[in-house]
Every structure is written in structure tokens, then in C-alpha cells.
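First comes the structure, then the notes that go with it.
Order of writing sets the labels: A, B and C. Residues in every chain begin at 1.
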Amino acid sequence: MPLFGNRTHLQSRRSRRKKRTAGDAGTSTGGDGGGSGGGPLDGRLDELLAKVTHVFGTDTTLTVRKFRIFGTYPAAMLYFPNMLDQNTLNETILKPSMSVPTGLDPSEWSAPELLDRLASEALWHSDCRRTEDFNDLIEALLHGDTVLAAEGSEAALVVGTRQIDKRGIDQPGTEQVIRGPREGFVEPLGPNIALIRYRLQAAELRTRQLTIGRKTRSKVVVCYMEGLTDPDLLAEVDRRLGGIDIDAVLDSGYLEQFIEDNQWSPFPQVQYTERPDKVVANLLEGRVAILVDGSPLALIVPTVFNQFYQAVEDYTERFMQMSAIRMARLVALVFSLVFPAIYVSVISFNPELIPTEFAVAVAGGRAGVPWPAVVEVLIIEISMEVLREATIRLPQQVGGALSIVGVLVIGQAAVAAGFASPITVVIIALTTIGSFATPAYNAALALRLLRFPLIIIAGIFGLYGVMIGLILIANHLLSLKSFGVPYLSPLVPADAEGMKDVLIRGPLWWMKRRPAFLKPKNPVRVGSEMTEPPETKSRKQEGAHSPSTEKE
Amino acid sequence: MTKATRDISALQAAAVLVSTIIGVGVLPLPLFAVRAADTGGPLVTLLACICALVGLMFVALLGMRFPDESIIQYSERLIGKWPARAVGLCVIVFFALLTSLTAREFGEVVVTSVLKQTPVEVTVIVMLMLAAISARNTMTTFAYIHFFYVPLLLVPGLLIVALSLKNAEPLNLQPIWGNRPGGMFDGIVTIAALFQGSFVLTIVIPAMRKPAKALVVSLYSILIAGGLYVVIVIAVVSVFGAEETRELLWPTLELAKATSLPANVLERLDGAFLAVWVTAVFTTLLSSYYLTSQSLTQLLRLQEPRIFTFFLVPFVFVIAMVPANIVKMYEAVVNVGRIGLMLTIAYPGLLLLIAVLRKKGGSALGR
Amino acid sequence: MDDNGPRSLKRAARLAARLCPPLLAAALLCGCWDRTEIEDRAIVLGVSIDKARPEEEGEEDPVTHYVKGLGPPASDLIRVGVQIALPGRIPLGPGESGGGSGGNDPQKTVWVLDVVGHSVNDALMNLQQELSAKLFFGHLRVIVISEEMARFGLENVNDYFHRNPEVRRMAWMMVAKGEALALMKASPKLERVPSLYLMTTLDEGIRMGKFPQDYIGIFWSRKSKLGQEGFLPYVELRKNQTLQTQGLALFQGSRMVGATMPLDIAVYMALKGNNPGGYSAFVKVRGTEVMTHVTHRESKTSFEIRNGKPYFKFKAAFELNLEEKINNELNIQDPSVIRDIEESQKKGAVKLIESFLEKTQALGSDVLGLGEYVRAKAPGYWNRNVGTKERWQRMYKEIEYEVHIDMKIRRIGMKAE
């Protein structure tokens, strides 16, 4: 796998860091074995096995298979059988090292060079390396590799035999598209990298691997485009990832919370996706993707606000239709934030704004409701949140039924019971549906959260209060940055090229340059002679080898 | 904020000026204009714009001569340390006053027309807190904030003007110099005083990417903001007539009240207009507050620019509460504005003259 | 890129800590001063103002005054009636019968109350004293003034509604022949809410060309102009509970001085060039009559100073449709007949215009705003000779004018002759 191409480089990086963090990571690698410690191997097999068993204690899954290499040299093979395919093990390691291959005369091999020669001349396995460090050896075992040690050799062979069962590549559950690729990331890192690489067959695609998590030793891969991504951005990503010190990284979400700029902001400053095509599009814009082993969600940085209402179809479907739909989505987004607050302030403070007939009718609808509009809206909103959360948690078979029951029956009953006015129910229903129209779940979450303070301030100051609240939110957005990029780019600061992809989605041939706020080293995206006329365009596409650059 | 960040584009600088100038002053503006020269109100406003432009150009030219400093800093080199500090203190006090009067004026508008039972203290303190919190940002964010809100100021103003045009009567605008243009000069001074927030240019220039563009920036910003002023006065006078305008405390708000969106989506726009106008007032307030606190730190040569942001709130608030009623408050607004013209037009003019005579600073087109 | 991770965290925490107490305090301590739920407001849809009889003084409550010397003012008593929407009685949405037993009976959807007071505010305070819900004028659409009250003067009425920020400038003010309160109590069948019916009558009148735009705000603007007087619709409640526009109530300043005939509305609109045309008239031609309908008008008013006095020229052009013949004597296909109709109607129109102008001149009420032309176009003359509203009112009685009319029949309907 190309992924492990520069493994040694990274490991030296890691060991440097280990020293810096006062040996914390080092002792943890050695396990809780206490006195055994790390250190180099001394060539005595019994000693080594004793140390290993000491480290793993009474763990029953570790297998130690003693045998003699070519029937002569005593050796042992250590591995966790559940993490690899035993057939491979037998065929590619055990068999070649037990039966003397034809044309070789192993009798003259000396003990110290035994393993090296074994690796280079006998073993039928591509991923083989030598290690002299005990800690490294333990780590390799934990990763699912097989360790081959021989009496008299001061090193051990680590054979990459890891094979974890994974689910098949499936449709992305949370980012469904009507038109566009159907593949989503899976949990293991390897297939995910492959999903990216087969879409982006460019030599400039670079991956860097880090290990984060004192206990989980999770592999984290940073992907970027060499010669395109801003090097400062890359350095910043490395710096932030390097500073993380936590025992477990179970999902990319753990990382997000350590690398985002402002942890107190309700707005997500890191985008996540389970779509490889989205990752590729973002890489090509000059962003950096971060993948974590065990998580089907890749992180994308830097992230700006407009990404949260963009969907994949915006780029795969034709531009005019999708521009209109994007604007509808934007309306839904604004609705889901301010609709209830505006309702409260109009009903309780400025009823003169709505038409007289309607005002009189609204008054009629509210006549039996015992509490003020702000309390009514809050009650219904909170029950709506409860319903929604319940719908997510319930098993799928029951969930659909519950949501229908919840919305129809409870809403109707609440009105009939004089618990809420029918218009409130309509408003809240519209708001809730509006928040579902936001493609990014985490951004919708932020707006859902901010809705409540807005409703409360609307209950105190009316429209004036809503405006104050919106100004506070807008100012916060304006001061927010994601990896040094202003959050509202390309709207503020204005960027003419980026503006083509904010409210509307410009035609692909029109967005000639990559967004400037990402400071790409190579800004040109579409060939300069790509213009509108369809006949020239189609002729060009046949000849062009550069990938048509769809974004996100 | 580090001094080295020169991150503000000319467009953003113009946005800062436009959104600073457009503020609560737009609400009584037609009244001031009509009081000066009844149907000549638009002309008075136009002349006031030119007057304000001259003052702003002094500031811009000075800024281009000293592209790394604000007026507090370079004035010391021009007229000596202590005189400059004394005038600098006056400028700071003046802008503190301007901040408090703006907050109070808007508080009164809100309390009179929308939130009748809410104490004016609450609306004033809310606005001041909003400005103080936002004044803690860096200069770049400050410019972003202004840039973001400019469309929110221009669109409702122009929308109301456009919607009211169908009720306009050209006869109301004639004669264009007014039947009794006696108070013209007073009116020009009063309205020119509404532009004083643009003095904030002096602290924007040191953060501009190309300070040489300051002159163009000031020209365009007065063109846009002054244009809106003139258009609003024209709309109000042509719809209501000069005599009716004279009877209205906030004619612009009344214009919003007389306007309804097509198809009666909203039957009257005053409440909505006032709500949107909160942003206009906020940006004005933010600018004068930011200018006050930044100038104060510069005067005292402090390193941390955010030190005064909350410290100033109580003072500004107390000043805001001094005028006993709305009539006294407008008296104060007009008088303070006129005195302020000495500081925002005459003083930079004097400094520029000295700078030219003593050949201090880089040439105006140096950068 | 700078390291602002932990710093921004600290800053945010500090900011939150600073923000929370004042916000919480604001929310908990002071609460919601202005929050009044829509159903807790007494939504006033219409107001009527009559002069009260002196013998009704006893009905007046001393709510705003009781110590001698602190009022009541010397002005006469007025009777203010309000029409309040009853929440719950007006069904929500079209066609649904829900929301109570009221249904579509207008008498049950609104509540009409009346009180006596010395001024508008005094009367409304008296009313508020006996009402649980707060009176809310944000949806006030119709103000009806009795003719008696209008002739007495509307200074106080204008001032109150002008000063109150809730009142919209798009409301209608009208002068009723007879009692104004009767209009509040009227129960027309077309609308669910009676006041809205009054409003719709006039609003639709504008669209049909029956009445010029004359919202209360426009009335105020006209009234305050130096060279113009305001006018209001002059209406009467007819026996089938409908509103009939009787003409213009002419004002001089804030006082009504007279009223015109319905056709004078058409004259006014013709001279102002208001469109669409909404009135039809009989035209005598060759011994019989036809009816024509004005579809489009254009007009131009100009003046010159003649003998030290403004001399006005009215030019107006009408486009007409032939709507009806009384009998079959005329052959419309004959162009000369068309010309005769046009000629005849031209003469009639000039006569109508002259009678209208004479009437307004006699009353000293320049509703056309001719003074404004003088003020705008000849400011020097205006400043020297007029200057004030009172002097223009006097001068208006003496001005001279000439009228030029152009009539064109464009269409004759679906019948060939």
C-alpha cells in the first residue's frame, strides 16, 4: 500500500515527539507491565518471550508459535490471531520459513543476519520490516501485525499481516444524493485512502500519517495536494494535530474538538463528510482532509460557513436549477433560525405589522391559550426537540411511525386541548422542516441551539431584541476563523471569484479560479479557453486530460 | 491587534465610512433639512455633503501623509506634544459624547415608537453593551463587521424610498432653494455634523493595505452615504411636503409608516424598518466607540488596545442619561454636532496646512 | 497563522462570564415590559367621533380630572365610539366555522362601545378605565367624524391621531352625514368585520376611480401645505347598511366648511388627472341622451400672473366609452354624432368644473392646491404677496381661470350602432 511509503519518516517524527512529552507516550506503549520497559532486543528468544508475556499478562488472545526456521534455528512467531488471516500467515510466512526453498543453502546463515536474509530471500510477503526496538514490536503486535523473532538475532521481523473484517462500501447514510457517486467511507483507513486515491489519480496527492491517542494509537492521515495547498495551512494543521494528547481517539469527532479555533462557538469550524468525492473536491480547492482509522467520517479544514448549505448535487446537477434550490435551502436555513422569534415578536409586540384580517384571526386562535406566545413557542419547540431526538434514537422500524404519530396526533391534540394555537403549531412545524433542509447536520444543530436565545430575547424586546440577537450572532460569525480563514469568506472579505459559489452556484466553466481565501498556490481551476459555447466545450472535454473539477 | 496588520482593502474602508455615516441621524434628517429651507431641504443636504466631504478629505490627506499613524499620533509631531494632547483629549471627549448621544437618540426613538413601556435606560445600555462587546475585536474584524452590514443599511433605505415614490409630488420639491432659505447655513452645519462619524477614517488608514487610496475611499463613501441622505430627504419632502415634514419628529420613520409592501405582505414598515435600523445605529455606535477607546489607548500610549472597551461604558451611559427629555436631547445633539465640526473639519484642516507648510510627512501620493 | 486556540477559549469564557449576569438579570428582573399578547389587546378597528349633547355631561367620568383648576378644558364634550374586534369570534382561516358561535354575523364579531369626554384622549381614557384589555390602535383603519364635529374643527382629533405612534397613516378618515356612531354600529353583510367593510368601500373606490387617494396621512399633508386645503370623503349610511360616498367634505384648515355633490369627485379627479376614471354622465345630444364613461384622464394646470393675480389655465383630456343609449334615435356609426356627443360633453364638463371651482372659491377652500403651484413656480411672487396660508385663503376667492377640455370617444361597446 502506498500509504506506508514514508512510514519510517513519520515514525522518527513520532519518536521525537515522544521525547518531548516526557516519555508519557513511551511508557504507555510498553503497556502496564511496569519494570519490563522498552529498550533494544538482545537476541535471546526466551527473554523476549518472557518480556512479551509480561506485557500482555494473562491475555488469552496472544498467540506464541514456536518453531524452527528451516528446521534449524529456534524462532517464534507472535500474533493476535483475530486480527489477521491465518491462511495468509500459514502460506506466506510459516511455510516459506519452515521448508527450505530450492536453491538456497541456509546452513551457512549466521544467527544475526538470519532474519534479514529470511526477509529478503525466503518470505513471500510484501510488507516486511525489521525492528530492534521492543516498544515498536509491541505496537506492531497491537496493530495486528505478526512478529517473527529468532534466537541470536538482535532484531525481529514485523510482517504486516493485519486484516480486519470490514463492512462493504455502502451508500453514505447521512449524505444521500440523487445524482452523484454512491460510495461512502468505511471504518478502516486503508479502503478510505483507496477511495480517495482512485478518484484523484494525481501524483500531487500526499498523505501524512500520525498516531494519536495514548491508548488507542489511532492512525490519523492528513491528505493534501502538493503544490496546491497553502503550506502555512499545512503547517498549522500539523501543529494543531501534534499538540493533541488524549488517551482515546474513537472517531474523527474527537480530533475536531481539539483542532477547531473556537471551542465555545456554536458554529462548527470543521466540516465532516463520509463522501470520498466531497473530500476530493475539497482537496482540489486547496483544503486539507484528515482521516482517522476507525471513523467513516473525514474532517475537512478550513471550513467556511457557506459549505454548510452546499450539497453534492449542487455541482453534479445543472447550475441553474441548483442555484434556485440552493437559495431555497438558504431561505430554509434563515427560517429555521429566526422564524419562531419573529413570530413571537410580531404577536406579542408588533401586531400592527400583519394584515388586519389576519391579526384579528390570530387573536382568535390564541384566545384560549393560557400563556404568553413566548412560553407557548418555547414549550412547543422543546417538545419538538424531544420528539426529534426520540426519532433519532429509536430503532428504524419504529422511528417512522413515531414521527408521524408525534407530528399529527400531538399537534392536533395540543390545539384541540387549547394548549397551543394552531398558528404556533404551523410556525414550529415550518421551522423544524426548515432545519432539516440544511445539508450539514452540525450546522443545523448550531442554528437549532441559537433559536432558543433568540426566542427568549424576542420575548423581552420584540423585533428590537431579535435584531440585537442577530447582530450578536453575525458579529460572532464575522470574528470567527477556521484555520486562519475568515468564517464568512468569500462574502466577507469579499472575493469576486468565490462569490460565484455563495448564493448561486455558478456554471463550472465560469468559476475559473479556486477560492482565493484558501490561498491555493495554483489558483487556476478551469482552462482559460473554456468558455460557454457548447461545441467548443465538448471538443475540449474530449481532449482534456485534466479532471473536470467539480467542487464538493 | 498588532500594528503590522495592514489588511483592510479600499472597499472595506469605504464600507466602514458608509455604515458609520448612515445611522440614527437619518431619522430626523429631513426635519433638520426642512427647518433650514423648507422645500430647499435636498439642496441643503447636498451642500452639507460637500461640506462633510471637505472635512473628510482633510483627514484622508493627512492620513496619506502619515500612513502609519492616527491623528492622535501625528498631531504631536505637527503642533507639539502638549497642544496636540489637549486637542486629542477634546476629540476623545467629543466622540464619547457623540457615542452617548447616538445611543440615547436611538433609545428615544425605540421607546417612543415601539417599546413604549421599556425604560430608555435599558435600550441605551443594550446598544452600548453591543458596541462595547464588538469593540473588542481587531481592526480587521471591525472592518468585516462594517462591510457585512452595509447592504443591510442601503437596502431598506432605498426600498422605502422606492416604494414611496408612487406617492411623490414634484410640486413639493419646488422651488429647489426653498421659499424661505434663511436658515440655510445653520441647516448645512447641522446636517454636516451628522457625517462626523467618518472621522474614524483616521484610525482606519493605518490598517489599510493601500493608504494612498484614502482620498478615493472618502470620495466614494460620501457619494454613497450622502447620496442616500439626499435621496431620503427628496423622498420625504416630495411625499409629505415641507410643511408636513416640519410637524414630524422623525420624518423618515413616518415615511416607513406610510409605506406598505406590495400586496400588503407587511401593512406598514415602521416596526420592521426600525428593527433593521438597529444595525445602522449599531455600526455608527461601534465606530464612534471604537474610535474613542482606540484613541484613548493611543493618547495614553498603552499597548493593550482592548483595555478601555468596558471601562468606558459607564461613563458613556451616564452622559447619555443627562438630557432630561427628547427636546433637550435634540438641542444637545445639534449643539454638540456643531462644536464637533471644529474638531473634525477645522482641526484636520489646520493640521494639514501645518504639515504642508512645514513639509512634514510623506508626499500625498507617496505610496 | 497565530495560535489562538487556548486564548480564544479563555476570552470566550471571560466574555460569557461577563455577559451572563447582565443578560440573566435583564431577563429575570425587568422581564418583558412591552409584551402584550395579541389576544390581550383590544384591537380598535374603527373610531367614531360625534359631538355630545350638553345634557350628556353627566355620563362623563372624571377619570383624567377632578380637582378644580386641573381641567376639564372648556371645550365641548365629544362622544367617541370604538369598534373592537372580539378575539375568538372571527374564525381563523377561510370557510372554517370554528372559533365560536359568532360565525359571520358582524354584530357578534365586534363590540361597539361609546363614551363621552372632553377630548379624544380624555374619552379614550374614560373608556380604558372600564375595559380590561389595553386599547390598541395599530389596526385602526377607519375614523368617522360626524359632520357637526367636522364643522366644529378637527384640531384636537388630528393632533391626537398624528401624535399616537400606533396609528397608521394609511387609515381612512371620513365625515359622516348625521351621526358617526351609527357607522360603527352598521352591520354590512359583505365583510366579517364592519370597519373593514367601510375601509374596503373606499379602497375599492380608488381602484374603480370613484374616489382619489385620501388616506389620513395624505389629508394631513394637504392640510398643512400653505397653498392647499384638505378634504375628506363625505359619506352617508344608507338604509341597506351600506356606505355611500356623497362627495367631498371641504376643509379650511382643520374646519369643515362645506360639502360637494358626488359628481364633483369626478371633477376633482379630472382636474388632478387621476386615473382610472370611474364616473359616468348623461350627455344631451340631438334631443336625446346617451351615457358615457370616463376611462382615462389627463390634465395640466398652469398659471401666469395677470394684473398682480395668478391666472390659472386648466387643460384636461378625457377618453370616453359610450355605455348606454336611452333610445334608438342616434346612429353611432355616424362620425358626426360622435363629434356631437364629444362637443356636448365638453360643454357639460366645463360647466361642472366651473361650478365646482365656484363653490370651493366661495368657501375659501383650495382643495386643488392651486396655491402650491404659485408657491412652487413663482416663489418670488408668493413671498411678496402671499406668504401665509390665511392670505392665500383670501386670495383664492379672487383668482381667475380658464378651462380647456378635450373629449374623445374611443369605444362604443359590443354593439355596432
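Just so it is clear, a contact is a pair of C-beta atoms (placed from the backbone, for glycine too) under 8 Å apart; a residue touches a chain by one contact, two chains touch by 3 or more.
Fair warning: this is a prediction, and the values are worked out from it, not measured in the lab.
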Chain pair with the higher count of C-beta pairs in contact (A-C, A-B):
A-C
Point out which chain occupies the most central position, where each centre is the mean of Cα atoms.
B
Distance between the centres, which are taken as Cα means, of chain C and chain B, whole angstrom
38
Whole-Å gap separating chain A and chain B, where each centre is the average of the chain's CA atoms
47
If you average the Cα atoms of chain A and of chain C to get two centres, how far apart are those centres in Å?
65
Multi-partner residues in chain A (2 or more other chains touched) are 349-350, 352, 356, 461-462
Among the residues of chain B, which are close enough to touch at least two other chains?
114-115, 118, 126, 133, 267-268
Residues of chain C whose C-beta touches two or more other chains:
26, 30, 34, 168
Any idea which chain B residues touch chain C in the complex?
39, 112-119, 122, 126, 129, 133, 136, 167, 171-175, 179-180, 239-241, 243-244, 246-247, 254, 257-258, 260, 267-268, 270, 310
Contact residues on chain B for chain A in the complex?
9, 11-12, 110, 114-115, 118, 123, 126, 130, 133-134, 137, 141, 144-145, 147-149, 264, 266-268, 271-272, 274-276, 278-279, 282
Which residues of chain C touch chain A once you look at their complex with the stated criterion?
1-5, 8-9, 12-13, 16, 26-27, 30-32, 34-39, 41, 43, 45, 85, 87-93, 99-100, 136, 138-139, 141, 166, 168, 192-193, 196
Residues on chain C engaged by chain B in the complex (per definition of touch)
15, 18-19, 22, 26, 30, 33-34, 162, 165, 168-170, 213, 215, 217-218, 220-222, 224-226, 369, 372-373, 375-377, 379, 382-383
Which of the residues in chain A come into contact with chain C in the complex?
232-233, 235-236, 239-240, 261-265, 347-352, 356-357, 359-369, 372-374, 422-423, 456, 459-462, 481, 483-484
